[in-house]
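In what follows, subunit A forms one complex with subunit B and a second complex with subunit C.
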Partner chain A sequence: MHIMEGFLPHPWWEIWFAIALPIVAYGVYRLSKLTKKIPEAKPLLALMGAFIFVLSALKLPSVTGSSSHPTGAGLAAVVVGPGITSVLSIIVLIFQALLLAHGGLTTLGANTFSMGIVGPFVAYAIWIAAKKVRLPTSVGIFLAAAIGDLVTYVVTSAQLALVFPTAGGFFDAFLTFGSIFAVTQVPLAIGEGLLAVVLFDFLAKYKGQLLSAMKVIKLPTPASTHKEPKQQ
Partner chain B sequence: MAHSELYAQIDRYAYINPLAKTSPVTKMLFALSALIISVSSPSPVVPIIVFAATTILLLRLAKIPVHFYLDMLAYPTVMLALSCLIIALFFGTGEPLTQIAFPWFMWTIFKSGIALSVATFLRVEGALSCLFFLVLTTSITDIFITLRRARVPKVLVEMALLIYRYIFVFIEVAEKMNTAQKLRLGHSGWMRRIRSLALLSGNLFIRTLEQGERTLTAMNARGYDGNIRVLEDQPPAKKTALAGIIIFDIMLVLAAYLTLNTGVL
Partner chain C sequence: MNTKHYIIIIAVVIAIFAIPLIIFPNAPYSGADSAAEEAISGQGYTPWFTPLWEPPSGEIESLLFALQAAIGAMIIGYFVGYERGKKAKKEIKETETAQ
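Our next item is the complex of A and B:
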């Protein structure tokens, strides 16, 4: 969904920066609080960033001044929280713009808003809701990652439609962009959901201590083992 | 994968080009100010000037080979041209240019759609040339040192440097595991290939994480306090270069005002 460098004209690129930056600032605050409290979380945070980088660099071209790819931000939102994910995303997006010419610096605000803010916050909300209604962990992770990915593209379509209207108005342009993306994005989102389930299982199995310190999962304590059976 | 090799070269040029040892502040100021003015300009003339100026600087001063620069531009330009074609044919409002009647719907091409498409094409090419100037002349390390000096929060720069390192760890670990799987016939047949891929993606994650944890332990043992210090040997910005950039920017803004009413069509 990385919108190409320069694709958004003035004043849209400034507007998206103005919307995205306060939330990233909140993320920086959360990040410095977490790394002070649990310094051992740093490798996991950096790994999540690298994961977002690698997944969102696997792009399929799309004829919308953009591209189609998994985002990885849904899993990151579940593991490190949506605020911190927005910081990781903006860093990753800068690297992709600089190293791969994928996305751009002026479109950084818009891309951060879709991939680093709306996607992760929706994914996190779904994950919390799934936990509330006691869905199995794997279903919750799948839904969070897949829907978080799709929502990102809905936002990108809206961002493009605001700049490039059709005769049918904003909504018509929005549907046009959305349907171009949907062809490649729906299968990719399902794939990303499945991958997220596999990876989260691995993380819970090998790094359960760290995840429970970050309050992502509850490790069964001896007293509560019979009440809440371990997922693995 | 010629495409990905191309991008591996960008980093190499950032270190070996004749401008590599000049002040990163100057280079960043030039690229970013030209980028912002070019993207914000309503007139299509400014992106053309910016594209010409950055291209000449890249080829003459930074001595980037012409064929490499063209290779870099080729992929985004093709994608951009396709996107702009779609915009020209299907987008726009207001005065129609031509109408083609199909049995089931009326296809209208709008003047404003074509104007929008041409303006977008020029704007993106101008912006891309600025971005390429920045990445081909300035290394990532230099950019981060400059950001740290510009008082960007420390925790952000630290996280960025860690992620940067991790991207390469990730790729190295993946390559090693892929080779190992291939050697043990892990890629013989469809089902086995999918199973190998699942094993690789899961283990890749844990392996990279563990390697990172060991690195952090090693860094802690050497007194890591949240600051990653690197040798900062970049020269300070030259006053003449800064003055030149400011004059160039003022000229761009003037050009934008003078050609304000120049439509594309």
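Our next item is the complex of A and C:
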């Protein structure tokens, strides 16, 4: 999903910065509010940042014969919220732009928008919806992480198609970039969803109180049958 | 879920990424990011800005990617081990006081 350095001409790179930065600023506000209100949440922030760090470093092979990487941002959106996730994402993207020549400083706004904003907000919305319709927790986490990952790549495809429409127009270009990015991403998104399920299940078991204080999950009351708090 | 479930899920994840390599051993597996880059360059676009610094070789680049993954994995491993140890200690204490 990284749009390479210099690949967004004026005025597009400025537009994406203008959209992304206020949301990152909101994330910084949420971050300071969370750490003040629930200081015990700090290790969770580190953990979510670490999950994004690992997953976005792994370039994995896909059935399309090319490779790509997951983002890890969907799980973070569920646990610490999409605003804070945008902050975690921009940190990773800056690291990759400066040290790996992967992505870029001029495309940072656009890449933050796809990976740190739309993906996480969609993941969060799916998680909330899954809770509303009482899907099992693991199913909700899987859908949130997998679809959040996929949506990020759809956004990247749209961002590139807006700037580089082909003779067939925006939609034709969107399909071209979509076939490069989004299709390759499908198995990766499934893999990311599964890993997110494992890590979240661990968190629910060992950090249930904290997740409940952060209003991520409700600890089971005798009435609800779903999650098992103290198994093993 | 218990450890057995975790192992099964992780085995499935590994299978998802091993299967393409087995079915299409001769595919290039180049990065989607660079494929998009090529599609754009094919339209005659030249980037107006270049990275401030680039890893001098593929080896150095993979070093930095490995470092990125290692830092993340270290934090996750520390967290998981710490929480498991904390819980185990608490359980030992509880059984001691119960006796």
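Just so we're on the same page, the second predicted complex is superposed on the first by the 210 of 232 C-alpha atoms of A that agree within 3 Å, B and C clash if a C-alpha of one lies under 4 Å from a C-alpha of the other, contacts with A are read in each partner's own complex, and residues count from 1 in each chain.
Heads up, the rule we're going with is that a contact is a pair of C-beta atoms (placed from the backbone, for glycine too) under 8 Å apart; a residue touches a chain by one contact, two chains touch by 3 or more.
Just so it is clear, the structure is predicted and the values come from calculations on it, not from any experiment.
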Simultaneous placement of subunit C and subunit B on subunit A, clash or fit: clash
Contacts of A:1 with subunit B and subunit C, given as first, second, both or neither: second
Which of subunit B and subunit C A:176 touches, first, second, both or neither: both
First, second, both or neither for A:211, with subunit B first and subunit C second: neither
Touched partner set for A:31, first subunit B, second subunit C, both or neither: first
Touching partner for A:88 - first (subunit B), second (subunit C), both, neither: first
Contacts of A:202 with subunit B and subunit C, given as first, second, both or neither: both
Which superposed partner A:118 touches (first subunit B, second subunit C, both, neither): neither
First, second, both or neither for A:40, with subunit B first and subunit C second: first
Touched partner set for A:77, first subunit B, second subunit C, both or neither: neither
Colliding stretch - subunit B into subunit C, listed as 99-107, 117-125, 225-233 or 243-251: 117-125
Residues of subunit A at both interfaces, subunit B in one complex, subunit C in the other: 4-7, 9-10, 43, 46-47, 49-51, 53-54, 61, 63, 65-67, 95, 97-101, 104-106, 164, 166, 176, 195, 198-199, 201-202, 206-207
Touching residues on subunit A, where the partner in the complex is subunit B: 4-10, 13, 28, 31-32, 35, 39-40, 42-47, 49-51, 53-54, 61, 63-67, 87-88, 91-92, 94-95, 97-101, 104-106, 164-167, 173, 176, 195, 198-199, 201-203, 206-207
Interface residues, subunit B side, partner subunit A - complex: 7, 10-11, 32, 35-36, 38-42, 47, 72, 76, 79-80, 82-87, 90-93, 108, 110, 116, 119-120, 123-128, 131-132, 134-135, 140, 143, 153, 155-156, 159-160, 162-167, 169-171, 198, 201-203, 205-206, 208-209, 212-213, 215-216, 226
Subunit A residues touching subunit C - in the complex, by the definition given at the top: 1-7, 9-10, 43, 46-47, 49-63, 65-68, 95-102, 104-106, 138, 156, 160, 164, 166, 176-177, 180-181, 184-185, 187, 190-191, 194-195, 197-199, 201-202, 206-207, 231-232
Complex contacts: residues of subunit C adjacent to subunit A: 1-2, 5-6, 9-10, 12-13, 16-17, 19-21, 23-24, 27-37, 39-40, 43, 45, 47-55, 61, 64-66, 68-69, 71-76, 79-80, 83-84, 87
